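Chain naming follows the written order as A, B and C, and within any one chain the residues start at number 1.
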């Protein structure tokens, strides 16, 4: 603990957790940017790899931190890509908000029976729902969207499971280290 | 101690959730991919097809027939005769058409409309 | 949206090519819909326009109120006296057939009551409420114009009752259907469906399945059931929703009861399904009327008198009554609240 010093330098104390979280957040932004650069066969269907990070943070830290990382990723990526406040941003934000809402409840599921696959799947469906809502209400306000819903949900299912499996893998190869300084 | 595989073994809850998700998606296909919904409106003036419109829009169409202007309204995936110069107004009284095969006609002004979309359940209408 | 286009294209290609040519036209004062399957477009259009021309001719020649039609001329001569009038062979044949059918129906099918139809304002192209002239109506009912009042001999005819005024409204469409079938067969067309103002006759099939018709709901803008029409079968419906006007909350439809001179009440619609015969079309038009006009307990008898085995009735309370053989053929789209099979 340091008293605020009398000279003009102000230091922000960071813990090693903060460092880890910052790295993970950067990683999430990186993944998001990478996906944005790659072409997708279907508009709006992406693997959503950045969500792996969100889940990982949820497991290793807590929900608040995961929410922070997720939203930081959404805002930072959109600023970096230059589509802040655009429809793309709205889609990204609505997806993130709804999937966080789902995780808020899903995180209490007993770990004995439910792994990250479940959380990822539920979050993916919630994410897709959030995006489809924005599409239906704002972007393409007509009934034709109904035909797209099942297709997007299949993508959510597939990628949700895949990301969940990847998260499980990452959790296993990065076990919690008891000797870390949690500050 | 046996080192567990890096992927872990499938957990019961996960499997159940996946199964439910599959059923849910199947249900979505079944309920949203039905072709009962009419997609297009075909309007005829006299013998000829006047125009075909998608029902995915809100618009009014004015058709000049032998006795005057008939107005057809498309809204919310449905269509109806909004107004017509005929004395009996049978066409207007038909109300909203919203399923494929539904048709209405204004005989005096020779305007008819029919909802197309996928397969018709019958070839012609007896009335 | 690109996805939608892709899926749509796949659907379309899966549907396959169908050689169905459908023409809709306004003839006979109503919508005529002719579908021809399995012929080249050119042939289909050629045959269709030939048939439509026939219909135009029939429409004008036997028009019930246009003063220059052959029928109107005949009516005027009937009113004038008992001198035999020369008729075309076609009209002779039509009247002879109509006489037989009128007798069969115990007078419920009565094309001689043109006077009554006119009083009710139904001899016009549009129908507006009329002042009900009960005196004039009763006078005509008393005068009792019947088909049997007409004496037909050697292509001439005269009427013993000057109030006989022919209106072939409930007959001509059926006659035209039979004519159309003859013409189609003559032209070598194997598969067609002809719809004149709702009266339909079938020839052959629609590809590998029978022609299928929808039956209009009497009170809603949609079909209530579907029915398969095998080759040669015809279907006709008399309804109170086709030509009518409303006055003081009451509906007056165009089907007049010759016994009391007033439009029939108690029935919303009668559909008859007629088996193949040279007069299947005529029967599909004519035979529904006697059933429509009959009291509920007389309907089965009226059907039998006309040789109709398959029929369906929607009464004034929207209840359905249908013959046993009809119930097996009708496929309901909206299950009605009450069905009785007799």
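Everything that follows uses one rule, which is that a contact is a pair of C-beta atoms (placed from the backbone, for glycine too) under 8 Å apart; a residue touches a chain by one contact, two chains touch by 3 or more.
Values in this document were obtained by computation on a predicted structure and should not be read as measured data.
A.B. asks: When I count C-beta pairs in contact, which pair ends up with more: A-B or B-C?
C.D. replies: B-C
A.B. asks: Quick check on this structure: which chain has its C-alpha centroid closest to the centroid of all protein C-alpha atoms?
C.D. replies: Chain B is the most central one.
A.B. asks: Go ahead and note the Å separation of the Cα centroids belonging to subunit A and subunit C.
C.D. replies: About 69 Å, centre to centre.
A.B. asks: Please tell me the distance, in whole Å, between the geometric centres of subunit A and subunit B computed from their C-alpha atoms.
C.D. replies: 38
A.B. asks: Take the average of all CA coordinates in subunit B, do the same for subunit C, and state the distance between these two points in whole angstrom.
C.D. replies: Subunit B and subunit C have C-alpha centres separated by 31 Å.
A.B. asks: What residues in subunit A touch two or more of the other chains?
C.D. replies: Subunit A, residues with two or more chain partners: 144, 147.
A.B. asks: So in the complex, the part of subunit A that touches subunit B is made up of which residues?
C.D. replies: 109-110, 112-115, 117-118, 121-122, 125, 142-144, 146-147, 149-150, 153-154, 157, 160-161, 164-165, 168-169, 172-173
A.B. asks: For the complex, which residues does subunit B have touching subunit C?
C.D. replies: 44, 46-47, 86-88, 94-97, 99, 101-105, 107-108, 110, 112, 121-127
A.B. asks: Can you tell me which positions in subunit B touch subunit A when the two form their complex?
C.D. replies: My answer: residues 4, 6-8, 11-14, 17-18, 21-22, 24-25, 28-29, 32-33, 37, 56-57, 77.
A.B. asks: Please name which positions on subunit C make contact with subunit B in the complex.
C.D. replies: Checking each residue of subunit C against subunit B gives 23-26, 29-31, 33, 35, 125-128, 193, 195, 197-200, 206, 211-216, 221-223, 226-227, 235-237, 239, 242, 245, 271, 333.
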